[in-house]
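First chain A sits with chain B, and in the next complex the same chain sits with chain C.
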Partner chain A sequence: MKQIVAALAALLLFCAAPGIALAQSGPLRIEITEGVVEPMPYAVPDFVAETAEAQQLGQQISRVIADDLSGTGLFREVPREAHISQVTSFGSPIQFADWKAINAQALITGAVSVSGGQVTVKFRVWDVFAGTELGQGMQFAGTTEGWRRMAHKVADQVYSRITGESGYFDSRVVFVSESGPKDNRVKRLAVMDYDGANVQFLTGSNSLVLAPRFSDDGQRVLYTSYETGMPRVHVLEVGTVQSRILQGQDGVMSFAPRFAPDGQTVVYSLTQGSNTDIWAMDIASGTTRQLTSAPSIETAPSYSPDGSQIVFESDRSGTQQLYVMPASGGEARRISFGEGRYSAPVWSPRGDMIAFTKQNAGRFFIGVMRTDGSEERLLTASFLDEGPTWAPNGRVIMFARETQGAQGASSLYTVDISGRKLTRVRTPEGASDPSWGPLQ
Partner chain B sequence: MHTGHYISGGAHGALILWLLLGGVFDSAPPEMQVADVSILSEAEFAALTQPRAAPVLGAEPEVLPEPEPEEAAPEAPAEESQPQTPPEPEEPAASEPDATPEPIAPVAEPEVAETPPQPPAPEPVPQVEAPEIAARPTPRPAPRVAPQAVPEPEPEAEIAPEVQETVERSETPDSTADEEQEATAPEAAATEIVTEAEEPARAPAASVRPRTRPIRPAPSEVAEQEASPASEPAPAPERPPVQSSDTASAIAGALEEALGGAANGAPEGPPLTDGETNGFRIAVQECWQVDVGSQAANVTVTVGFDLDRSGRVTGALKMLASEGGSGAAAEAAFQSARRAILRCQGNGYDLPKDKYDHWKSVEMTFNPENMRIR
Partner chain C sequence: MRFSAKFTMLMAVLAVSACTNANRFDNDAVDLNAATGSAGGIVPGSANDPSSPAYFQQTVGDRVLFAIDQSTLSPEARATLDGQVQWLLRNTDYNAVIEGHADEQGTRAYNLALGARRANAVMEYLVAQGVSANRLRFVSYGKERPIEICSQEACYAKNRRAVTIISSGLTS
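After this line comes the complex of A and B, so read on.
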């Protein structure tokens, strides 16, 4: 019997020998499951001025690019004082060893020329350690007044080439600009670049405005105005700064409007008596449709990017919680179950997350969760954080933060969805209710 | 119709009968171990197991008297020592130990009259190719031990006490008329028994360095050789005949046959240790920057690349596979992995040069699953 077992074992070993040999041959296989989370070092020397008038612009454009990239938290600029090589010509070869020595992983070189009020900006992105160019050189042309936008476009290209995702720098934000003391605050509708530059006011100071929302194409803005004494939803054409009342039913309050992704439908809240429900209206025909009918307050609706679902807040369970329902109305399912009250949900442009405001234990938080309510994470916490809005690429959230006390003021902040990078957006006055527009 | 059932039933029945009656489950009784025992009386057992009291120490150590070896020394053993029977257990002494224990005299060296025969001078070891032989001479192993070492006789020789050479009939007429006789030689013998434990004395002190691979001609050289008509093709070297007695070639042949030729493509030398592999992994992962909020963080990408002997990447890095995410996300994940590999190589990854065959080609998988935002 033992001999039979020994013979079988020998046979098995003989058959397995080629497999073992093959497993040991071939390339060395290694799996890496841990990396580092830290910003990538890059260098952006001043863009070369190819004309005398472009000297200052070259410096300014490179600074805006650096601010854009470093503001994401994904990149870290190597200070210009550490540069070994000097880029003196757009076409000169790159001394990669010099940039490797200062650990710059990416290098952005460019040139600016001004001719007859027209600015031309061209740039290249280099992968320093590979010694190759990332993508191809590109150039933009515009007026001298639009140099910041050209700088943002360059930064978007750099961001996209390195991360593989679209950027958000060449985008605008509509918000409520606030001035004056807290008990007599003047609120005006304004639009600005994402970084707080180029603020333009869209409405006067004679009426209270709230909750502006960009359309997906960035051409129109919905907002709530108390121009008539009652809250009314208005739509404003950004190009002409002309606005009109979208829904004019007397004795009815309408607020919290938001465009559908196709731009043809608007969802909003309507209060009739003591009941508030969500309605949808076709902009072209003016026909309305009631989406919820619960005897509770349903408000703050936000479409999913594909337009098939709506997330909203409701107190039907006794406290404010988040619910998701089909875009055509119907049964809603609750997705928030944590402690505290949830409000102002906004669906991410990527469709994978929902941002919200949370109030718990006397503090306010900005958080995100999966669309099924899982993986809730709170990104900020303060005396009053509210009104989140997503960047076009779904990587950053802008919100309003108000400081405590009679002299407290509201200002805008951005935070990336990992919660690591919190940045204040510089605005000339106080600001609240931001709504991030699309990439231009 | 039921033929199959009948055959199956019959076969199963036969099998069961064979199992029951064929003694398959009978096992041979284990060998009985027999040991000698002696019987102790109860008093003897008590005396054996009684604990001894610890000695009482005085304030001043007592000076022990000088031992008297002459009186206490036992007699030297006789030349031919007889097997001694174990002494009967004596009655235990009093509860108090003796204050002055008697020293035990050293055992006298027995006088040995016989001197062992001198071993024969070791034969010079023939110089073979590489192995270094230990210097310690070892007696030739032989199954027989005799006072005089005798080398192994010729295969044709018969075993005999005397040595005589072969005498054959000469074909030449003027040869002397010696009588025909067959070669004889005494049986091989050694002066001492050589056990297996002493065999390593002949083992090489250092392992044989593996032969280097033949250098392949570059493709250009091959092309030149083929293109030049003047150069006559060198005659193919004749393959030396494989001798069946050559153990090394026999083993190589058996290996080649067993492995189906896979051994030829396998890297030479020992594989990388876990420490060496982990060192390589850590060196790369320290440079792998993961954008935890990106779509690329959902992509597991496998990158293939080659290293030169200095541990630097040679040639292009290739994305061999990706899992999860869109094409753009996979490309971003690949770029991130590529930057990690290139950035941290410095002057070359620290890998053992003598194991180059094992790491000249690398497939590295970057899996960010543990780093995604939760």
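After this line comes the complex of A and C, so read on.
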């Protein structure tokens, strides 16, 4: 058990420093070549149906768990066709030799029962080579419609027990759903599970909407809407899907809002004449305070998770670059110094890194750097990648990629912070401007 | 840097897609002319009525273009805006909204601010030439409202624009 944890912890550390080879002895051997980690093999047989109605759910839940775990790139499923043992009862002893024989280092077993619209899911995680249970069995209950969430909760538990880090599967993403041609695009706010399931639209198609941002508790969403004819910051309650314009916005237009970690303050851009600066507003009182006062464009502010600092972009040097200032305003220090332009910075929920969009030589990149600008690393490149957002555990980034040309369309992708496992998120329409909410 | 090199190689083999160059100006012009009806004579409100918004759009010129990442007015732009000033000074029943736009080669928030710079540059010029500031306002759409949809400079050049939209105003 300790071996699994140690190996995966090493693997996660590796994410921050690609190119290091790890030597590992014993059964949990992880081989790293050319920056590629050998994922840990695991098995997740169909969860045992303890009632007749649970038969299909048992299969579906095990598939969602496998998609979650394998989707990280840290785990690799041993296909069910290779299984020797069949798990027919949740209480039966595990035949460790059968799982060792197919080199499944972790085993997840579980059972599902359905009763009157309620589903109960229980599970156990096993360290096959140690022959022991990893952590303790748990169970979750909820409505049958919410079965995917229960599968994500199981996967989060497995991820957490094996890596020592919190998971991110039982989380939602608010984004802009896009339809129609490039010169007549319709944009609506929508929210979905992190894997693209359960899409729910939050606004109609009458007004252009941009860049929704979750509050840290996932209860509210800030966004920019042209509902009044001018771009203005709105706030939406996710539970009731009621939205309102934030009062107290002076100037010609306001946009690029983001919550402070306490949820009480909003930081945003305000345009007056040719000049765009960053302002903060206390939501309850509508009191505003100007944080920057350069004649250049200051926008895309994002708080550090402790609320003490703000990273933003400015073209005060002549091109867009990243700066960090105290949350109360004041002197800003530039942190980006590489070639090209840097924009749309987002502070990691762990506090240790800043994700950004970079433009150089006609191409766009998503990258990460330390909060002092050191150790810049580009994770993706394409015709147009932009708008990174962090998974709640700070290990994965979601962003929007637009293809070029008259038929160009935008889709969401995830990539881990070492640049591996670039994965498209399936959405019903085009999608842009993702904002990843908290673990639920 | 290893990762970016790999992606660069990947993308290098992708062909550049063709530009369809749909010309919506021409389409608009056809529609407006169709409303003119029979040839000869000035139909009030039509494109050959010098006091009509349609005339402003087609004959005076409702838009100016900008260089990449710039909001300075070129000599051509100033000539167009001088015509807009004359029209606005003659037709005081109308107000105008100046819409600023950017091409797709930029991030969303920055392009909103850049479009505002462009629209504001037009507005300041019109005001400096004598148009009353309370008849004018501006808004930026950033990169959200391209009129040309190819991903080439020929299209980008037309999307980096500020368009003066005439609206009826000053009604008592």
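Observations, loosely collected:
Quick note on the criterion: the second predicted complex is superposed on the first by the 399 of 440 C-alpha atoms of A that agree within 3 Å, B and C clash if a C-alpha of one lies under 4 Å from a C-alpha of the other, contacts with A are read in each partner's own complex, and residues count from 1 in each chain.
To be clear about the criterion, a contact is a pair of C-beta atoms (placed from the backbone, for glycine too) under 8 Å apart; a residue touches a chain by one contact, two chains touch by 3 or more.
Keep in mind it's a predicted model, so treat the numbers as computed, not measured.
Contact with chain C, but none with chain B, is seen for A:211 once the two complexes are overlaid on the shared chain.
In the superposition on chain A, contact of A:231 is made with chain C only, not with chain B. Contacts of A:81 after superposition: neither chain B nor chain C is touched.
After overlaying the two complexes on the shared chain, residue contacts for A:339 are found with neither chain B nor chain C. When the two complexes are overlaid, the chain among chain B and chain C that reaches more residues of chain A is C. When both complexes are overlaid on chain A, the residue A:407 reaches chain C alone and has no touch with chain B.
Of the two partner chains placed by the overlay, only chain C lies in contact with A:269; chain B stays clear of it.
When the two structures are aligned on the shared chain, A:331 is found in touch with neither chain B nor chain C. Residues common to the contacts of chain A with chain B and with chain C across the two structures: 18, 35, 377.
Interface of chain A with chain B (complex): residues 14, 17-18, 21-22, 24-38, 40, 74, 105, 127, 129-130, 162-165, 350, 375, 377, 395, 416-418. Of all residues in chain C, only 1-4, 7-8, 11, 16-20, 22, 24, 71, 104-110, 112-114, 116-117, 120-121, 124, 137-141, 144-151 touch chain A in the complex they form. By the touch rule above, chain B contacts chain A in their complex via residues 258-260, 262-263, 265-267, 271-272, 277, 280-281, 284-296, 304, 328-329, 331-333, 335, 338-340, 342-343, 358-359, 361-371, 373-374. Within the complex, the chain A residues that touch chain C are 18-19, 35, 181-183, 185, 187, 208, 210-211, 229-231, 252-253, 255-256, 269, 271, 273-274, 276, 297, 299-300, 313, 315, 320, 343-344, 357, 359, 362-363, 365, 377-384, 386-387, 402, 404-408, 419, 433.
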